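This structure is in structure tokens; I'll ask about it shortly.
In this document, chain identifiers A, B, C and D correspond to the written order of the chains, with residue numbering beginning at 1 in each.
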Amino acid sequence: MPPMTLTGVYAPVPTPFNHDDQVDIARIRTSFARWLTTRLTGFVVLGTNGEAGLLDDEESDLVIETVRALVPRERTLIAGTGRESTQATIRACKRAAQLGADAVLVRTPSFFKSRMTDAALIHHYTAVADGSTAPVLLYNFSTATGVNLSPAAVQTLSEHPNIVGMKESGSDIAHIADLVAMTPVDFPILAGSATTFYAALCAGVSGGILALAALLPEPCVRLFELARADSATPRDEARALQRKLLPIARMISAQYGVAGLKAALALTGIDVGIPRPPLMLPDRSAIHAMRDALSTFEEVTV
Amino acid sequence: MPPMTLTGVYAPVPTPFNHDDQVDIARIRTSFARWLTTRLTGFVVLGTNGEAGLLDDEESDLVIETVRALVPRERTLIAGTGRESTQATIRACKRAAQLGADAVLVRTPSFFKSRMTDAALIHHYTAVADGSTAPVLLYNFSTATGVNLSPAAVQTLSEHPNIVGMKESGSDIAHIADLVAMTPVDFPILAGSATTFYAALCAGVSGGILALAALLPEPCVRLFELARADSATPRDEARALQRKLLPIARMISAQYGVAGLKAALALTGIDVGIPRPPLMLPDRSAIHAMRDALSTFEEVTV
Amino acid sequence: MPPMTLTGVYAPVPTPFNHDDQVDIARIRTSFARWLTTRLTGFVVLGTNGEAGLLDDEESDLVIETVRALVPRERTLIAGTGRESTQATIRACKRAAQLGADAVLVRTPSFFKSRMTDAALIHHYTAVADGSTAPVLLYNFSTATGVNLSPAAVQTLSEHPNIVGMKESGSDIAHIADLVAMTPVDFPILAGSATTFYAALCAGVSGGILALAALLPEPCVRLFELARADSATPRDEARALQRKLLPIARMISAQYGVAGLKAALALTGIDVGIPRPPLMLPDRSAIHAMRDALSTFEEVTV
Amino acid sequence: MPPMTLTGVYAPVPTPFNHDDQVDIARIRTSFARWLTTRLTGFVVLGTNGEAGLLDDEESDLVIETVRALVPRERTLIAGTGRESTQATIRACKRAAQLGADAVLVRTPSFFKSRMTDAALIHHYTAVADGSTAPVLLYNFSTATGVNLSPAAVQTLSEHPNIVGMKESGSDIAHIADLVAMTPVDFPILAGSATTFYAALCAGVSGGILALAALLPEPCVRLFELARADSATPRDEARALQRKLLPIARMISAQYGVAGLKAALALTGIDVGIPRPPLMLPDRSAIHAMRDALSTFEEVTV
């Protein structure tokens, strides 16, 4: 197998649930029918925005299997397979590989957050990468987990042949610059924060896995292209586009989260159902605010 | 069934794993043989110190079943059944009741910590208490989860007939005093922090669920009795005992966690095996420090 | 001079300003006329609640001089003299001694908070204690300063002959218990948080310097006495009194601060003017909330 | 007077002290002799790195007066004049204007950090800008002060005719992008964090006030120029230069602070004496680490 070269914009898609709180296969199909018309490089299922922590193993497998049948091989399909124990994580990685995922995205364990030292995380990820039959992407999301995978630990782990990249969800640009600088040139760092995507591209990331890309795929792809373009003019456009994306990016991340993303997708005609309890739908004022923010984009009809 | 009146000192016990990373039934039996000789009021299995987040459902059921067969009815057996989704939590509560648990201890969900508002938590715990066939104890452990169950939410939830008490693991005494003041007199608040157990008893808690009680049961029971005694003399003794407990209490909570508790238990002759990866055994210097701290207690031979 | 034995309840009093933003001597006199009728052990001028950071040296001297003329020798008068530089702190201590302060209360420097290591703080306080002609009290207020004076540093400093005690404004009872345990029996630790005063007394502090004592002196003194009394009955009364004090204690500390204290004092007939800008008066709803909280105390007419 | 257009790179210079802990005029002169040979746009005296909080008013005036006599009119001289009270801040601004400062940089008050709401800060800065006879720059440094001046407050304040720009010391790029977007095009936002200078320039800041610029003026100016240049090639060079600057930038900010900057300057032959207590000189290992970091720059001989 040739090495993966993860670059471009990926959408971490929500998992649809119906009103009986069950995974909704029909809605997976209709939503992907829309996403496959876009220029997105690939998709992540069972990420944080896939409500991964709220699904059991059987449901998780069903999601991967269903989506793989829809997503053609030329688009990358990544599956979130992080679990709290090392052995459960390895089992999840193997099942995802079996079901056709091109790579697995492994969030840091966090149940015992204060014990997740560099040594423990290096041990964990090494065992996972040894055991996984799919290429492994590290996944650091400190705001959500309370755990931080340090640049030094990433440097060590980037040498493992089955660890092929990293998603960093934080918006600390100096931290991102460190990750870029301390890993090999062909080890992709993917940004996870849409609010600082342009700055992260300036700092050298090779792409992004952005919840915003499920909602506004074209502007996200455009921002990626502008950052790569070869003159100063695009820079002003990129900066302006990043600013324009800021309000809605904040709403579907820090402010309203996954439930906000689902409600916002519904506003654009993509019905991915409701969040699973204990998550609750955002209230009416949140939905109004998101509608207002979305209405500034001509790409969407709200 | 008469209402539960949870008072006294409970030990949240570790789950033994063998060197193949499997639940170790033999070690469960030998460790309980020791704990049942103490004056502890009861036990908690599958709490944070039971590495609950690292076990799957089948293993969890096995632990409850095994321990229930050992613990006589006059000692309370509580099972941790918190899961991230509301529906999975309800299922876990029902299974625990079926397997003989006297009550269930339900940790706040935390995968989507920023969305765990009072409204979401009230909704979650109400659904859980409605669905559970065992009495429910709320469980707030902000340091570990990043989620806080506010006194106002607890006040609302304390009115539910199937919610019979709460474990508060924080050491903020003003917060604990609020919980005591805002709930009915017969709604027990149980302290979870051994470092402030005496102060929490001063503030009105009815007992404690303390990792330290698995390690030093008699001193913890003694501290509880002193706090209840009717003269000023015990107060000096209580304060002195609390101070004496501080160093080792810190080591097995903030400093080394569950892995530290397991290593410390081994020093006192209770073998509960090793922690499950990604948890790692504490290093030699940590074990020396715990040995030194334990050697100040004549109750233990280290 | 015999060693100081600081025990009991002290009020850190606000500095009155008039509508021209000047120190208001007349209001100092009328407010002390009231405070001197209470059973308070002593007073602190130029503490945090005295808006110390907003006064220049000349104004500070004027306050000490004025108050000393009012407070009889049998009540302890303590002056806040913390400055950011070591040399300025020493000068302020000397002037306070000259003007009649019985002791000085020296807040940790905080302009360079990240550099205030134990070593730097030990160096600073040693130089201050060497240079000060008044006995020195350490003063740790991490919430306000972002600096923490560790128990280990306090242990070292408690050996200095001119350091005679400490005010700890935090409410972390385990931290307070450490301070009590790690310092000599005759080295007083004074609580600074009224919300946890009873718990701190349980943990062994010798008294309190409480903003609440300027507002509700008798309940604070009563709580102190109850905590010292020799039977279990007072314990229930103490706990009930502590709970009753919680809401108003929170309002004049975390919630509305010094400006809240000034407004609350006005409600009880003690006019200490307005806060100095950039501090602003609390709004009408805050004042209503404080009035409601105060109206539960028969001692005050609001 | 024409409006100021602050763009480019400014150095916030340390205040030299001699071994008697006094301001050292001779060292001010020799250090500026060096800095005036560089391409720096201007200088800030009495900023955080000028140990402003440790100087009294008389010393502060002396520094401004001395430096103004050295710095020609075509280089901008900015003086830090933030004080805790509004009235003291206004007085400091007037004196700085009188002594020849081109503008004043006013740090947020922080003694009562929890009370520094947007309303209080808008009130404060409006009064200061009304009263100051020099143009005012806002200065937000949350890490050091614990206070945050929100983009909404800055938007309001940017309309004041005597508020001509802002220094934002944080490295949160989304926050910086908000500041740029919510203020007029001719209202300069200046970065204060060298670790994210390039990303901040990508996000639209007009320049920087960087401690690093006192130590490595040419690389900082070069980075500024590269970010402005009109092709993709400079982007790679800019990114590489930013990465190269990261280690030393971290050392003289988060890691060792002002004392580290003074020691690092000494390594490059600029003697600005020692820090004022309670600040302490960094230890030998810190100095070695800085020497190593500096030796990667051919511009400096260490």
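Definition applied: a contact is a pair of C-beta atoms (placed from the backbone, for glycine too) under 8 Å apart; a residue touches a chain by one contact, two chains touch by 3 or more.
If you're wondering where the values come from, they're calculated on a predicted model, not measured in any experiment.
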Same-site or different-site touching of chain A by its copy chain D, using the half cut: same
Rounded Å distance, chain A centre to chain D centre (Cα mean): 37
Approximate Å spacing (C-alpha centroids) for the pair chain B, chain D: 51
Chain A, residues touching no fewer than two other chains: none
Category of the chain touch graph - line, ring, star, complete, other: ring
Pairs of chains in contact (touch as defined earlier), listed by label: A-B, A-D, B-C, C-D
Residues of chain D touching chain C in the complex: 21, 48, 51-56, 84-88, 109, 111-116, 119-121, 123-124, 127, 143-144, 146, 254, 257-259, 276-280
Chain D - residues contacting chain A, complex: 171-174, 177-178, 180-181, 193, 195-196, 198-200, 202-204, 229-232, 235, 239, 242-243, 246, 250
